[in-house]
Structure formats: C-alpha cells, structure tokens
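One structure follows; several queries about it will come next.
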C-alpha cells in the first residue's frame, strides 16, 4: 500500500526553498517507503513571475503571492517557512494556530523574544514544530551525537567551533537583506552562529554563559549601510562544566562554507568539517592495550550501519550537502505520521528559541564587556 | 513553455537502476529547464515483485518482466540499460535497432569483441549512444579536463590511477554475479578498471600499450568458485608519450571507494580522490614571479563558474556521488534534444569499446608476460 | 678564518636544556660559518649526578650545582636559562647585571610583574636579551610573518589559535612542577598560551583586550593538589581592529602537540599546524584573473628561498621541531656578534613581558567576568 | 665510563656527506650513550678547497684529496662512502679489504654486476657492511615493518609505491653527474627507485618478477645529453604472492620529495608519505566488534614506545629527514660495537645488490617488453 499524503505549503522559493523542495521530491522515493508522501500544494512568494516559475520547476500545484492563502488552505497539513527572517514569526504562528504543522528555517526569530513568542504560540497550538537546523542531520554529526550519548567520548571537556565563509569579503559586494538588521536580525551570528550554537547544545549540552564580541569590518557597501555583524567571537561555558569557543565570520578568504567543530572528552575526541561532511575524525583512547597505532581515525561515514545510510548507496559513495534536508524533513514527516517527538534528534522551536538566547547573550556581552549568564524561559 | 518529454524505459532496478532513476527525477527540476522532461514509461526486471516495487518507488508507469517489451514500446525514446554485464549487448542492440537512443552501463561489453559489436550495430542504427562512464561528470574531473585542454598543465608526462575497494576482502563474502566470468566478463578490471581507463583516455589520450597482471587472491567462496580477477596492476603508455600505471583491487582494507588519479605535466599537476569528489588538487608552476607560496591548491570545486555548478548551490555546499548521474543523463538529454554529439565530454559506445580493448590487453599481458600493443578497430 | 668563540653557561639540563644544547652543537657546523662559535663552558643543575651526566653528554666542560657560579665565570658571555619558571628571574637578572647576554626560556616570568622586573633590570644592564619563543623560528611561521609584512594577506581581520596537548589527561598522572603555581606560575596558560600570545603579537600586532576563562578539570592528582589551569579559552581584540580567539588545553585526547593558527585578511589567509611544521597553508585571493583553481595552497616550506633554508637540505627534505632552536640561537649569536637587534624577528624580554601581560589579563577576566583592557608598561 | 671511539673516514662532502657528518656529530650526544664515539679522522674529495672547508665545517681532523689515503689510515675503522655512484665500488672494496667496516650510499653499484662484486669482495673481507637505505630508519617505516612482522596487517596482497620529485622538470636545468650514465648508472631508477625497491623488500618480501618501462622526456640539456631515465613505471610480483607497482619520476610538478607507499593486507593497511615522515596511516580491520568508527588512523609516530623515540623528545615534537641518518649510523655503530648483524633492520650489501637486480630487471623489461623474472645470485 502506498503511503498517505500530506499537503505541503511553502513560503519562499530562494536558496532554502530550493533545498527544501528538493528534499520533498527526494523523500518520496529515496527514504522508501516514506512515512508520508508530500503533496506540493502551493508555494508563496512576493514576485509573481518568480513564484510561478518556482511552482513549475519544483512541482507545486499552485503559485500564490500572499502567504495568508497558505494558512487558510485546507489541503495543507504542513507549512514550510523558508522565507527571510522577518517573515518567520507571523506566518509560522498563523499556520500553527490554523492547526498546521510547521517547519521554520533558522534562526527561528530575529531575537530571543521573537523566537520565544513563536515557540510559545506554536506550542499552544499543539502542532508539530521543527526548526530547520539541518546540520543535526549530517550522518557524521549524528554519529558523533550517538557516540557521545553512548559514553564513548567520556565526560566532555571542550567544544570548539567556527563557521567561516567569505562571500561578503569584497567591499564592493552589494547590500542584501541578510546585511540589514530589520530583515535579518543579525549577521554572521544568526545565520552561521545559530547553527553552531545548536550543534553545541545537541552534542554537549546547555550553554550557561558566554563572553564575546561582534565586529562589522565593512559598514558601507554599495546600496546601503550594514547594521549587522560580519563576525563574532565568543567563549562559552556549558552547564556540565565544559568550556570552549564559538566563532563565525563571513570575511575569511578561502573558506567557502567551513563549519568545523572539535570535541574533547575524557575518553576521546571527535572533529568534523562541513566541507568534508562525509567524514568524521574520531580519536578513541586506549582501544587496545599496547596499541602503538593510536591516532585520529578518518571515518568515512558511509557504512550500512551509519545514521541515515539505510536509504542510500554502497559504502564510499558519498552524500552531498542537500541530503541533510532529506534526512531532516523525513524525520519531521515520520514524527507527524507517528504523532511522535521531534526531539531529541530533531530541533523543535524550543531549540530554536534557546539558540536565540545564546546569540542574544553574545550581543549583550559584546556591548557590556561582561560575561553574560543565560537564563532560559520555560512555557 | 515546459520542455518536451522523452519516454524512458529502464532495464534493471538494482544499484545502478536506483542511481539512474534518481537522476531522471532530479533532472526534471534541478537542471532547469531540462532539455527534455523524462517520462518514466516502464522498468524491466526478472523478479516480478521487486520490479513492481521499483516501479512504484521510482515512479515508472509500468513494471514489466521481459525487457523485449521495452524495445517494442513506442512511447519509449530512450532505453537505459542498467542490467548486469551479460545483459548489455542484446537489449541495447535491439533497442538501437528499434530506433531508440541508448544509454548503457559500463563495461559496455564483457570483452572488446562484445563491446565492438554493440558499438557497430548501434552506430549503424544512427541513434545516440552513451556509455555510462559517470566519473567524467564529476565537476572536479571535468575541471581537470578543461584545464588540460586549455594547456594549463602543459605536455602530459604521467598518469597514475588506482581504484581500490574492500567489499570482498572477507573470504566468507558469498558469490555474486560480479564474481562470475560469464555474467561479469571480468572482476576488478571491468568494474573498476574500465572507469580508470576511460578517465585516462578522457584526460590524457589514447593508450598505446600495456604490461600487466591480474590476481585472484580468494578463489573459493561460499556459493561458488571465483573466476574473475580480484585485482590487476598495469603499466600504460600513451600515444602522446605519457607513461603511468593503472591499478584496481577489491581487497584493500580501509578503501571504501577510493579511486584516485594524479597527472603530471610540464606546467603543473592535478590530483583527484573520489571519496572527496568535490575537491581537485592543482599545482600550477610559476603562477607568479618570486612566488614563495607555491604548493598544491586544495580547490573546492563548487564555484559558480565551475562545471555543472550553475544548477546547484552557493559555493561550498558540496555535491554527492549520485549527482554525477544527474550531469551525465542531462548531457545525454541535451544531445538528444539538440541532435548534438555525445563526445567529447560524454563517452559514447566507441569509448566503451576502446576501454574494453585496454582491459582485454591487460588480461593478455597477464597471460603472455609481454607488453601488449593495442590496436583499435574502426567502423 | 674560523669564527670567534662565545662562552655559554647553561642553567637546566632537562627538556629545554637538551633542546638548547643540541642547538649550540648544531649551529657550529650547520649554520656555517656561525656568527660565533659556542664554547660550552659550564652547565648548572641541582642534581649533581644528573648534571655531571648532562655535561658529559652535551659536551659542557664543567658541571656545577650552583648557578651563581655561572654568573661570576668570566669565560661565559651568554647565560642560557632553561630552568623551571621560578628560576627565571634571579639568575637571569644576576647574569645580565654581571654583563652577560641572556637567553631565557618562556614564560619569562610567572606573572607580568615578575616578567617586567626581569626586563627592566636586564635592559638597564645593556646586554642582549632574548626570550625563547622558538616558534617564531619555524620556517613556515617566519614565511607567514614575511608575507603579512609585505602586505600579501592584506588588512588582518582574524587570528584564531589553539595549542592542544593531552599529556595530563589521565587523572592518575602524577604531580610535577608544571602543575604547581609557585614553581610554574600558571598551567596551560604560561606554558602553551604564552607561545600563542607571542605568535599573535608577532604576526598580527598588539592585543588590546581579552575576555576569557580558565579551567582546572582535574584538581587532585597523586602527589598533590593542582593549583594551575588545565585549559583556558579567550576572545582577543587587537589594536589594529582584528579579533579572534586563543585557547590552550592539556586535556585533549589525540592532540600530541597541536598548536594551530589561522589568520584571515582582506587579501588572503594563512593556516599553520605545528605537528606538520614544514607546511604552511596559504590562500591568496585573485592571484590570476579568471582563475578557476583557487584554493588553499599546501606549501611545503623547504625551498632555497624560504626562511632559514640556506643552511639545510634540498627541497622536500623536511626539518624537525628541534631546528627551531637552531634558528633561534643562531639569531641571537648573530645579534651578539654584530651588536644588532633581537627584534623584530626575535623576541626580547619586552616581548616576554608583553605576553605575560596578556596571560595575566586572561586570568583577571576569568575571575572578574569582564573584558579586560591591557595596558603595557614602558621603561 | 665514556664510550670507545671509532675512527671515521669519509669520502665525499656534498649532499650525502653533509647528512652523514651531521649524523656522526649528533649520535655522540643524542643516542646517549653511543655504542661507539665517532672520531672524524679524515674526509676525502677532489676539490682541495672545498674539502678543506668541509673538514673545518664538520670537524674532520684532516682533509685529503685522494681517497686511497683513507684506506691506508690505521686510525680509521669505518669508511663512509658518500661519493658519486661511480666511486662506490673501488674505494669501498679497497677499504673492506684493508679491514675497515664500510658504509656505502645507495645505489650500491651502477649495475647489479657491480653491486654484486662490491658485496662479494666486502663479504669475503669479513667486515661489517651497510648500504645506506636510510628510509628503513624512519620511525614510521620501522613501525610499519614491526606491525607487519607481528602479523597485524595479515597476509600482504598489495604494495604500491611511487617516489616523485620535480627538480629537473625545467628543460633548462643543466647537466649534472646524476644525469650521466657513466657516473650515475641510471637516473630516477637508481636514485629514487632503489629506495622504493629496498622498502618493498624490507616490508613485503622478495620481488620475483617485474614488467616495466623507463622514459627520458628531456634528453638534451644545457651542458650535455642525458642518457639516463627521467622516470620509470613498473608492475612487480613478490615471492609471497603480493602484487603492486613501483614508480619514480623527477618530472612531477609540486612533488618536492614525495615518496609514498601503501600496503594492503588481509587484516589491515598502512600508508606512508615521506614529506610527512612523522606520520603513518594505519587501518586495522575489526579492532572492536560493532565499531562504527573505523577508518585510517593518522598515527603521529612520536610516542615513547615508537621506534627510535627513546632518544628524542616528548610526543608530538617531530623529527626531520636528517634524523634517519642518525638512526641508521647509530645502528651500524651498535652492530660494530657488538659484533652483531646489520640485518634484518639495516640493509647490508646483499640488500644493496638485490635492489640492483630489481632495477636492472626493470631496464631489461623496458627493452624487451617482457615480464622479467629475477634470479638473485648467492655467495
């Protein structure tokens, strides 16, 4: 018997809209049988021609120009919000309150307050909610999490992560919405830092305090004034005693999409690099008495017993960046189908909110010059 | 206006059938607009339940159990043969002679004679024919080819390549068709070696002679006797004077899917590793007078001006192994739509045949102990 | 004509004493002709048998048990202090005030105050003084410095460095002087952090403020209580506007001696790893118009025109860690012979003092929770 | 008590003379206590000024211009022949027949015949003889040997090695003795290939047959005609059934001194790269049931229990290329002191001869086009 359908309405058709659309289409046959078969009902966007083209390209039945139509469409069971950051709150809340499950791109809100509000009202609506921290769904990252969970790395001492890109290093690069505070909320912090903060929480635990600073190296660009950060640096402490650093920058020559982290524990270490996302470096202490061949293992995460690999290829036939979305959205569809939990392997809106609290604390610390303790609100 | 359709009939639904099916489905929206929109008409295979499941999974309208029905189906414009090696010749020729374009997995034939026959009769039918050497369609490999073509590497002195896997290293691994000469033709030679021979020709030029040997380390396995090679080693000479080695083995612990090559020329060198297929290492001599920072460049092949990247993501968001098929089949559809040429960037059946001549010569050399010159037949 | 001699008196014969002794013996014939020929006059240490053995082994004419005898020995022109941190101040100052040139291991003092006092009194004595920050003398590090100085990396945005070791990760590892505050001053901070702080200053410029924290994960060890840091984390700002992080830890499994740094500027980036000290990764933007082979270059720093390589081997025949001391001490002998300047390529005692100010500020920030501005004292 | 002395006479003061001289001087205090203390009696060379300078630089008591004086010098117990290849036979034999122990650079002879003659007459003289295959004394290579010996890699299936350099890639590079057959015997083959052949024998076992070819890409150079090979390629079979390839070239852009090998066995694999000589990559199958973190281990060979490390530094403080000679000559001095065996860890003249047989067979195969079986002569 073929799987049941779920109607999907999407807001946004740009970078993330393309990535999510690809995931819906791929899930249908790759994660076979899919928990639910996505029916691409409608896609919304401001530019009428572009959204019509996107609908035709990705196979949405209907292009629309006002996202409100998605919320009132009874065929839609899942609202996927890939719009810019200033369009996260209102459509997501409206869809949730209309009884639709919601998937929202990160950062959940432009501030912790906004993120909290999205979480609060969505949770009250009792729908499934997921914040699209897709790097939790890299097989190597999930393997790291499972190894840590199983105690193989021991007590965690350190977490160090940096997310480096270079796309705005040219001072002549023109203004885009991502460089405007009203629309984006923040710069490298919310865009790149939020990912790393989420991974810190996913892999190590809750962050208790931060010291940091933000920098805008190039404030004036063709087309406008940049009022978000180009980069930030921070020291973080975790509730479990671990300590480390989190950094991000968009001005690092040669770094295309270079998110890396290293975790050191009392029994081993793991290292990950996003540009080689099929690999995990693992050091395990004392795996064999008298072992003279100890060293970081270059694990090509592509075996049948590795996370998510039951759907794919024989070992060594590597996956790409886009597959993280296939895994992520498959996870959400499974949760919806089974009335299960997004957590702990998926990030829900509370996770989106908590990441925002850490990002806000880095901004505060940059301004006050003080180590900022973080208190998380509950519902 | 939406692109025109082409009806696709597929033979085989296993590893390669899955990879090709994924490509047809992805082309439709990723290589937008596609040159032709693939309509998945029918899929053929011996196991009725499995082929029915495959049809449902990948979206073929009809599962059939006799490939002959594909050949007579008027809705089908392209026969895609992903069956085992002993099913390459007959269906491919029949489809071509029925006026269908044909795509056939490698190795084209189990021997050079068989491959020649497939080429001869297909060419006579005046349809488009393509041998599925998908590694030509790795962006990094194509970039290497374009750099060599543009003279950036200079006169080529060396080509060294090895394709190492480990999947049959356990002596208890059971017999499969790939270990049986009747079905597979050869072992590592036709399966892995053919890929490397094709890349040698694609990147450097025609091979003029070879010295080599083959080895079967584990002859008796549960379920039968292995009569193909586990590994081969060879020295190759090229018509243009370059010299090098080509090797493959399926008994290399730790090597999941490790095809690597290195090319050295009078102006530079390039190095490629399939397990990190998004990267190309490039050495360019004398790029700057007085340059004290000369070294191999780790090029992450993911820029807007890199081959095939106009369809994908922002830089650094890497592709997977499966995307080689998307590029490959897109190329074929473009050729069909435009009545263009599969060559030089795609491999046609002559390329499939020529690779087979080299593989056969390695077998001969292994037996005779002599350097074997290769003479290629023409039509 | 053979070079003139300089009498060397050494304090300490352990790890650093061995490394320095090796350098004196090697300089004599490798950095040929040496600026001065070191005559190993006497070596001082507390354990009489051990110091006698060390003298015999390394070729010092005389073993002595009281360092004061070094200071009054007229044959000695250079006092080399490789003793533990609590023996840096008194012997170094005494030697300087006796008119001897002085080389002192890092950290110069256990605190900024102590380091300042050593600097002040030594400078007043008008002898040459050098603080043994040997990593300035890695060829790859020096190349990085020269490229930055020449403007090839542009305006610097970021400096990120970490120095990770693992040697005390076993809780059963016993107390040693390096874990005792009275003797060592601090833990990872003064031992590892001082190196990185010095490189930050050497490569990027003066540090203006820091936020940080220190951690002692394992306080009780066989043989005593640890009262120094196992690790520290910090965010640093530079006077020129650059921002980054500096970290060190002795509890990182798999990290033998892993000092790494990355510098990003407006024109390029450089990356260095101490465990591969013969290599420098360099990214240079826009080296060629239309260049599709941009990437980090793996520069094997071993060419004739690379720093220090005029003394060594043909390209690719790599150097070891110990050679940094050969280069360092050669530099000092050249400075003494020519009455030249230790700076800018060598670190003098002001550099030793300034590193100590930064380390102290990290401790203060850890305690106060505030970003600490650093004010450097002058003479 | 201090170790006994042994008088050393050296022939040659160029690249290898410098490397060996450094070793003698270093052994004295680093491999403490040395088995014998080298006394540098005399150094011989044709250029009187240069040899005088070399004597002064390296500390030889006496420079001489005729090597025959070394042979008759009673103070000399060890003749170290670092001269050009055409000066290997006569002085080495003369010294041995005068009762001196002999160390001779590789290749032992310019042909197998010459090498055999050196071995035969030296062995008859009943002195210790060693052929300077220094790469046996890289700690990582020795570790590989010990692991293979202990069965940790299992039955060996493959050995693949290449030794790539680039120093003569410029056609304007002028003639030197290494490009002249009379003086050098062969080109890349004897210079680079001999090293790799020796490692093949050291690590895997005796080579039984080869197929190969040699190439001279640039025959005419300023100052003369090149009559040796620029490069060679070969397929090798081992007596134990293993198969592989051995290659070398001096025309590989970007390859400074790139000797690499890979060995695959039934239980694991090892990989080595000379430009990162402190590292060994090791894959061990099935080290832990259910292990999901299998991969090549990047072993930094610098632990206290690693070969040769008892003499050096704390872990992670890497060695350089030159240290291979320290280990090698220390081994020889130990053998002389103890009247022990150069084998199996050192290479004696039989090893030098056997490597020459393989090199000769590659030349023969290149000429005949046939796989050449190798028969080794015995005494």
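By written order: A, B, C and D. Residues from 1 in each chain.
We take it that a contact is a pair of C-beta atoms (placed from the backbone, for glycine too) under 8 Å apart; a residue touches a chain by one contact, two chains touch by 3 or more.
If you're wondering where the values come from, they're calculated on a predicted model, not measured in any experiment.
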item: Chains contacting each of subunit A and subunit D, listed by label; value: B, C
item: Listed pair (A-D, B-C or C-D) duplicating the A-B contact set, over half by residue number; value: C-D
item: Longest centre-to-centre distance from subunit C, chain (CA-based); value: B
item: Distance between the centres, which are taken as Cα means, of subunit D and subunit C, whole angstrom; value: 35
item: Subunit B and subunit C, separation of their C-alpha mean positions in angstrom; value: 54
item: Inter-centroid spacing, subunit C versus subunit A (mean Cα positions, whole Å); value: 41
item: Residue list for subunit B, restricted to those that touch at least two other chains; value: 255, 294-296, 300
item: Complex contact set, residues of subunit D against subunit A; value: 143, 146-147, 152, 280, 282, 284, 287-288, 292-300, 303, 305-306
item: Contacting residues of subunit A [partner subunit B, same complex]; value: 2, 15, 18-19, 21-22, 25-26, 28-30, 32-33, 56-59, 165, 167, 255-258, 274-278, 300, 302, 313-323
item: Subunit C-touching residues of subunit A, taken from the complex the two chains share; value: 157-158, 160, 162, 164, 169, 211-213, 215, 217, 231, 233-237, 241, 243-245, 247, 249, 251-255, 264-269, 283, 285, 294-296, 365, 369-371
